[in-house]
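Each structure below appears as structure tokens.
After this come two complexes, each holding chain A, first together with chain B and then together with chain C.
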Partner chain A sequence: MTTALADPTSPVPETAPVARSGHRRTWVARLRAAVLGLLGLVGVAGLWEGYKAVGPEEGVLVGENRVLPRTTDLAMPHVWDMVQRLFEPVTSLGDAEPLWRVVLDASVVSLGIATVGWLVGTSVGLLLAVLMQRVRIAEWGLLPWIVLSQTVPLIAFAPVVRSWGSRIEIAGWEWPSWLSVAVIASYLAFFPVAVGALKGLQSPDRIHTELLRTYAASATDTLRKVRIPAAVPYLLPALRLGAASAVIGTVVAEVSTGYLDGVGRLLVSYAGQASGDPAKAWAPIFGAIGLGLVAAGFVALLGALMRNYRRGEAV
Partner chain B sequence: MKGTRLNTRIRRVIATGAIAVAVGPMLAACSGGDDGGDGDLTEVKLQLQWLPQAQFAGYYAAVEQGFFEEEGLEVEIIPSGGDIVPQDALANGDVDYAIAWVPKVLGSIEQGANLTNIAQIFQRSGTLQVSWADSGIEEVSDFEGQRIGSWGFGNEWEIFAAMAAEGLDSTTVEIVTQDFNMNAFLQGDIDAAQAMTYNEYAQLLETPNPETGELYTPEDFNVIAYEDTEGAMLQDAIWADTDRLESDEEYEETTVAFLRAVIKGWAFARDNVEEAAQITLEAGSSWGPSHELWMANETNKLIWPAENGIGVMDPAAWDQTVAGALAAVNEQDQHLITEEPPASAYTTEYIEQAIDDLGDEVDTVGSDYQPIEVTLNEGGN
Partner chain C sequence: MQDAVRIEGVSKTFVTRSGQVHALADVSLTVGEGEFVSLIGPSGCGKSTLMRLVADLEQPTAGTVEVFGKTARKARVDQDYGIAFQQAGLLPWRTVAANIALPLEIHGVGRRERRSRVAELAEMVGLSDFADHHPDQLSGGMQQRVAIARALAERPRLLLMDEPFGALDEMTRERMQSELARITAETGAAVVFVTHSIPEAVFLSDRVVVMSPRPGRITSVITTGIGRDTARDEALRESPAFFEKVTEVRAALHGAPVRSPALEGR
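Our next item is the complex of A and B:
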């Protein structure tokens, strides 16, 4: 049943073309999504202020462990203070920009690095997946290493990456410090893609691959016509995980390597100012959340573009 | 077991890296004659132990004022965010010089790093342990049974050295790892918090007291300065690669030239403290201007006056640091070092040469140095 039919006050006549009605339905859906998103935001703010108003100042403790935070202005600044702080200058210097601007600029830098990391990680992950699908022995040889690679803690990995970087100089081109951050981000991002894509490439039914064999299709044709389309439903969640990993990897690696221009550095610096200026410390956290939303939105867009291949998946 | 597996993994990774390292210079060599575009400046990399801030004002001033360039050097200052350990970066050959605290490097030297302290820039310890005025914690002997804050990562050894000197057992205190700010102390999770004179102590004085609405004042706190205890250890020093000092004459010359410019930088920061704070703000420090100025001023106090000349090691202070490092046992019963460091661990040869070279050009002692008064604003802004 269409929305138009359900609504008796609708100006759309019953004979309205289906396309028009479908068009309207998407608009209603979008509006509803926007309203729900806004309501969610208001809900979180309300929950924050509500707990802050009624919660005990010392938080809620179970034994020695604090399960709910303190409600002081130091630990939980008011929502309006945090928002207001965003529009004040970052410091009292004459030419200081508003805080939101500084956070936005840093977030854009981080987003760029995360994108590079995600692209590199995704490419490497896809290549590894194709290789492992094609060559059984590569799967046996590589997959354990790929899993193991994620157990190397960043604290050990970050200095190694920066150390190589500082030695690489090709034809007067020097390794920029942001590239170390991107490499670390890609290192975290390639893993879900490699594993997800491999699972996806292996997902077609035997009957389908054998059908292509009866057509004397080459392995490349099978890959193109059967395996890759079949892999899409597996790939999208993997890409989403990869994007989240790339964002987290970027922020953490920025802190870890002391990269100055990204949102990770602001997180650390403003945390150091959180005693005297508690609301300021939350601004880069909002920036990091924004990064995550943009990354998730981008992958959702990819999913929409590949809609035709997502049969059997609840879209 | 896990360690071995990890090492294998890292070794493999390093092997891959080694290929890149081997190929890189070859390609660079092919391009030919392209290096050193800006005249004949020698490229030097200096690794800091933290993000840009007035604690490093002298180095940034030397860049900004062109002191390095006058010495024929092009210095790149590399900040750290915490996981880049300056002495490791130096020992790996990633950088030419590094700024690091003496006790931390003593630990690295005992584990095999071959490093030499070429200039002891900070002559005094800037570490404090801060408690509330009514807490009754007035000296190190009051630590027993208290929750003592520390940042860890080698910043805690002064606490244990001071406790050892008092004959206190380190297991009687609870060491609480501190964050980047003083909130844990302000909210009562820590009885006595670690604070640098130039940074965290100022953070407290920039915070409004919720009861009065006014900023906290020094009267609200008890302050124990490790400089006044036997636990005092030497802090920011410039470290160089021992092997290169012994075998590479060019590196030795660069070292002296580098130190001459550093001396000029710190003398500039002493005589122009407001401008020095401005320079580090422009170099990427994110503190508010009043906090930055406070830091520049307090950093000067740790350097000036320098009775033997800036950067020249006071053997007594070195011996005290080594003795403290030997005596200190942390709450997990671990030692920082177990034997005396080698004689190569510090030298005054290069810094004395640099001071001689400068002659009357720069005041390298600062005997009439007077700090300024800095008023902190809320949040350091």
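Our next item is the complex of A and C:
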């Protein structure tokens, strides 16, 4: 808003303060982000190896409590050992697949389940938010339950969901066990979406809702033209949180329902083998981190697609 | 000819936590078809409230508000007025063109017709070259012009404007005043224009309605005698007749022809 004002009769139009070099700047920013990310990775590996080299074998203890881990190869395998282990066969059997392959396959399965959970959770969260925005009483009646729902520990109801699921059979269709995992993931994912979306739907300035009122616009039109677009800046962090929750929920639910094909089971069973094969236990951890990165990347992509709705944000 | 606005014996009391606020007391005012009427008075005298009653954004505590012979509510539902607030109130995620198109979109105007109407309006407010820009890429004056174009989108016979130029610097303000005068002369719409600038009120209006606060009431109505067909330009601003009316309005505002600091700096 710094430009001189336009004279509509003047033949030379006013130039608005548009960043002309915007494209180059975003590329520079992206490159810098990539380099920083890489440096961060190298930094973590360096810290790991550095501590392992100089830290005491017994770890660092304050009183009775170990505040830093032991530096033995058992507790902290070398970074290169962990990487090398990825390319070795899972088991000593002759035709065993390489470890990375097994972890990748399991991670892809988990990612699929997490995606279903995220989609279901997001839809439910959005619907609840719209309902709560529309009907005041619904907000009073629902919001406390929504908050309360998240205090139920996952470990407590995961087996319940599984046993309910196993009893469902509709016209020959049986409730698959992965669906129980997805339901639990959605249970975690819907919460941030419901809360964030509600806040976003309630965020429009009064001037905008009043404007729509002067147009005698329906509630649906107000929702479509003002509330939902205005909610995007609130929705994106909520979706990101929801995606993270869906990933964590999937992994934990895989473990607690005893689902066999995901990365959750690998985490448990390889951890059991850690005394003999410490580097192996880290492979599914990398897999789980990868899941989180894919989920975050996907939401970042969504954010980029919706950047027009985020013009108020300081990006 | 039917009156655009007929306000009779209107009072408005807001009930707040800290007590009642008598925003308006027994206000009566008629705005003829195609007439330009300014509401002027110190802050808090109920100018915005009066305009919001006409827009059916508030309901009167007593009295009646008619717009083109209908209730204010019916007139709002029938889209008989266009409105512009002090802030432009543009949707930041929409381009200039899409902002202007918003009311047309909501009222189901077809894409083709919408596009040509938007082009026409953008031309009218001198923003054709900025149709694809977003509000954050525009200056305050340009944003306000978009808001005015949006208010005019459905060719309302009545325009309600609440200090639309309040946030603009003096130079822009004067230019916008001339533009508004030209546009309303072209469209023949009646205008209810809230302002706290005396020269602005005189420059634009057929009649200037002077209000006083606590409770808000109309203290005098001054006919400027500047016809609709008189060009609103620099010459008018320099003319003795204009100065005379400015002095008259100032006298009416302050009860005496002396400058009081009370109205300055608002």
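Methods note: the second predicted complex is superposed on the first by the 285 of 315 C-alpha atoms of A that agree within 3 Å, B and C clash if a C-alpha of one lies under 4 Å from a C-alpha of the other, contacts with A are read in each partner's own complex, and residues count from 1 in each chain.
Just so it is clear, contacts are C-beta pairs under 8 Å (C-beta built on N, C-alpha and C of every residue); 3 or more make two chains touch, one makes a residue touch a chain.
Quick caveat, the model's predicted, so the values are computed rather than measured.
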item	value
First (chain B), second (chain C), both or neither touched by A:166	first
First, second, both or neither for A:257, with chain B first and chain C second	first
First, second, both or neither for A:238, with chain B first and chain C second	neither
Touched partner set for A:72, first chain B, second chain C, both or neither	first
Contacts of A:274 with chain B and chain C, given as first, second, both or neither	first
Greater chain A contact set [chain C / chain B]	B
Which superposed partner A:208 touches (first chain B, second chain C, both, neither)	second
Partner chain in contact with A:111 - chain B first, chain C second, else both or neither	neither
Common interface positions of chain A, toward chain B and toward chain C	none
Chain A contact footprint on chain C (complex, rising order)	55-57, 76-77, 79, 81, 83, 85, 87, 89, 91-93, 102-103, 105-107, 125-127, 129-130, 133-142, 169, 171-172, 175, 179
Footprint of chain A on chain B - complex, ascending	5-6, 9-10, 13-14, 17, 20-21, 24-25, 27-28, 30-31, 34-35, 45, 50-52, 78-85, 88-89, 92, 94-95, 179-183, 186-187, 199, 203-204, 206-208, 210, 281, 284, 286-291, 377-381
Footprint of chain C on chain A - complex, ascending	1-9, 13-14, 16-18, 205, 207-208, 210-217, 221, 225-226, 229, 232, 308-309, 311-312
Residues of chain A touching chain B in the complex	70, 72-75, 90-93, 148-149, 151-152, 154-156, 158-160, 162-164, 166-172, 254-260, 264-266, 268-277, 280-281
